[in-house]
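Supplied in structure tokens, the structure appears directly below.
Per-chain numbering from 1; labels A, B and C assigned in written order.
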Amino acid sequence: MPTLGELATYLELELRGDPDTPIQGLAALDIAKQEHLSFVSEKKHLHRLASTQAGTVILHPDWLEIWSGNALLSAAPYITYAHVTRIFDNHPRPSGHVHDAAIVADNAQLGDKVTIDAGACIEPDVVLGDRVWIGAGAYVGHGASIGEDTVIKQGAVICHAVKIGQRCTIHPNTTIGADGFGFAPSDGGWVKIEQLATVLIGDDVEIGANSTVDRGALEDTVVGDGAIIDNLVQIAHGARVGRQTAIASQAGVSGSTQIGDRCVIAGQAGLVGHIVIADDVHIGGQGRVASSVTEAGHYGSGTPIQPMRAWLRSASRFTQLDQIAKRIVELEKATGLDQQKDDKV
Amino acid sequence: MPTLGELATYLELELRGDPDTPIQGLAALDIAKQEHLSFVSEKKHLHRLASTQAGTVILHPDWLEIWSGNALLSAAPYITYAHVTRIFDNHPRPSGHVHDAAIVADNAQLGDKVTIDAGACIEPDVVLGDRVWIGAGAYVGHGASIGEDTVIKQGAVICHAVKIGQRCTIHPNTTIGADGFGFAPSDGGWVKIEQLATVLIGDDVEIGANSTVDRGALEDTVVGDGAIIDNLVQIAHGARVGRQTAIASQAGVSGSTQIGDRCVIAGQAGLVGHIVIADDVHIGGQGRVASSVTEAGHYGSGTPIQPMRAWLRSASRFTQLDQIAKRIVELEKATGLDQQKDDKV
Amino acid sequence: MPTLGELATYLELELRGDPDTPIQGLAALDIAKQEHLSFVSEKKHLHRLASTQAGTVILHPDWLEIWSGNALLSAAPYITYAHVTRIFDNHPRPSGHVHDAAIVADNAQLGDKVTIDAGACIEPDVVLGDRVWIGAGAYVGHGASIGEDTVIKQGAVICHAVKIGQRCTIHPNTTIGADGFGFAPSDGGWVKIEQLATVLIGDDVEIGANSTVDRGALEDTVVGDGAIIDNLVQIAHGARVGRQTAIASQAGVSGSTQIGDRCVIAGQAGLVGHIVIADDVHIGGQGRVASSVTEAGHYGSGTPIQPMRAWLRSASRFTQLDQIAKRIVELEKATGLDQQKDDKV
């Protein structure tokens, strides 16, 4: 159990209070007790300090006067909180060796201290960097390469020739490099287009559980450095996800679409294929992106929930919208309002 | 093959007809034959009795006069039908022992008659209750506990420290307890927030295939007793799903959102984070829930499909709605209708 | 490396240029070099021929005069491109035998040249046709049957009694035949309806990664010959997908819904249960299909993205639509426009 002083030293932050105070763990303000460290990251939460029982709080130096307990002073409390989670991290650690029940091709190249857990399968010509961790039952296909310190979790499938950078995490049951959805229509049905390219994933990328990133047909699917992708996300063949872009759960990116850097795509948003999204674009939840977005900023689409009967009326009227607009034009003609508008112009 | 009489005894129901009638299986009214048992659960389907070839039908006693064949009389025919499916259930049964090709940590605690199939991996400190069944290739992480009679199907991944109650079913390739999607934005990119809490799943919970329930950052993600969750559903970190709540396929629940008891969330609905949904709320398909819902009832959002050209016009007009509303105000001023309204008030 | 002449012979096409030209690979027009084969499939892309560095291009004979390089002449260039991808396909090939670390039930019937990779599990009474390939860690349940030349990729789970036809591909981590989401509501909670039927998948079907096709309750879930299904798609119990129908990523088909032949369901579209979709229906991305579609054609729903503030106004006005429409009626009365309309009729 670290002390407040040790945390301050580790984080290179100033503290207020007894440095020997033991910190048992992290907790949110409303459930933290005397032995916990908590945090306030935004002004709007400062009022919660009055009722918290936390013994120690991470907060901005400007807010120190409204808090009388122990404190870790940070110009960026939320980032400090993120750093502290590593200290209290309780995830299992890699064993540093290859389990007897793992299946590893003779010619696979394994770096130092690689961990391969039970039931994992490493195909020929795979290259695993130092300290790579392949979880139980995960699969790494022919010729795939995984950079240093990357973790492939249980049941994840990394298909042949996929390249993943350093310090990435691929969560359980995710599939990287399955065939893109490419077929040519013919009178006799769909003709499969073999997907000849692969997937390139940069450094420091995290991809959630049960997501899919398809391999490209002729051009690689690319996920840039520092991108973060949530669960159940679809990245189609030939798409490009920019650096530090975040894509939330159940969002989908169609084929060949290019997303810029530092974008945020909220949950269940869908991007049609062959479009370009500029840097720093934020798309709201369930956003329906049917054409390129050339300007940074926040965008939304969809309609709010209403009580069912009211919504049924709204939805029905939606289908009449073009008629409604035309009737307004008629009314403006009938009342002369159209003339007045012309006059103003 | 049971007889009608045996079914009636098992179900504690009255019958009409020869108790020795063999019942070969269950079938829907329109395809059932003489040897089958069928059912009518709603008045609106009663007319289908006229044309069915079913030999025996489960129905309400009030409906008996319009059906001349064999009958099982039930005040709740649909629930009776559900009970009967167990009798004809043809799912494979657990072997009751640990397969030679399973990997089980020495210190894992296994209850009586636990089944662990080939390729499954049970990590140290796991506790499996009596009659637990871990399917082929499934994974149970360090310190996880699984209650009596629970089934973890093939390829499912239960991460470290997750707690699952009794009589639950987790379907194939589902992931419980992967890291929540938590990152702090910084100038240098996203800083990972280690997810220190876990997932608590109650008793009698069913979770479909390829779904994800993430572990919490500081507070556990909770799924209440009797909840049912379909395939490809996302439950984000720190969310709470109430007792007996049903969540249909491809719906998503964002972080820290709390859903009450007995709610029904239809397919592809999306709930934003940090909101509260009252008990007995029903959200329609693709519902877009962006704020708390405090009253029980049915809610919907979205727009109906239209033929493509008509829809394109509706969608275009949607973006003009604010102008349309303002033009109506102008028209009401021009025609004096606004005055009349004021007079009425 | 094939020559142009060899390709022309294989494809039964005419060529222009030196038949001995070696073709190193396929590439899109904008990145192809002298050693590559590229293609133009639509007139609108013909202008790109002016700047391409491709040595050889697949194109329609009518377009030959605007291209001076080597050419493969095809009446259907895109289909020819699809055929050529097979020649350059670089996917790993099946070994043709059963890996030592596969678990295969004694009474499973294996055709000629079946491949079963490491960690795969084949349960009793399974039938695998000639040249079937079961990938690493995949699972085939009791009594399931897989037709000739079908590939079940890594981590896919095929549940008991599922029947899959010939020449199909099931991509990684997909689940076929998990229980449909069937429960009867009762005062004591949800009563499970055992799913007694199975899944029937025709010939030449491709199903993407991390998708789910549930088994039926009383009637089988059916996917017709030549259907193509993308990643993260949900096909619920008792649904029927017609022949050569395409379903894109993250779309969902609810229980008992029947989709005709040659339909196209775009990404994230959702179909409610118990409806019928005619042949040759195309549903746009995120389409919300709440009732049967009886006429072939293209359909859409949803709203376009807008900058966030503008969208918030549109969305707010959407909830007022019924009032807006009624106010227009009032205005039409006040201006006499309603009379004029009646007069016209």
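Remarks
To be clear about the criterion, a residue touches a chain if its C-beta (ideal position, glycine included) is under 8 Å from a C-beta of that chain, and two chains touch if they have at least 3 such contacts.
Just so it is clear, the model here is predicted, and its values are computed rather than measured.
Connectivity without chain B: the remaining chains stay one piece (groups of touching chains, all others kept in their positions). Taken over every residue number at the interface, the positions common to chain B and chain C amount to under half, indicating a different-residue contact. If each chain is reduced to the centroid of its CA atoms, chain B and chain C end up 25 Å from each other. Residue positions 119, 137, 155, 173, 210, 232, 250, 268, 286, 302-304, 306, 318, 321, 324, 328, 331, 335 of chain A each touch two or more of the other chains.
On chain B, the positions that touch chain A within their shared complex are 103, 119, 121, 123, 137, 139, 141-142, 155, 157, 159-161, 173-175, 178-179, 181-184, 186, 189-196, 210-212, 214, 217-219, 232, 234, 236, 250, 252, 254, 268, 270, 272, 282-284, 286-290, 293, 297-304, 306, 310, 313-314, 317-318, 320-321, 324, 327-328, 330-331, 334-335. Within the complex formed with chain B, the residues of chain A that make contact are 25-28, 31, 76, 78-79, 81-83, 85-86, 88-92, 99, 101, 117-119, 135-137, 153-155, 169, 171-173, 204, 206, 208-210, 226, 228, 230-232, 243-244, 246, 248-250, 267-268, 285-286, 302-308, 311-312, 315-316, 318-319, 321-322, 324-325, 328, 331-332, 335-337.
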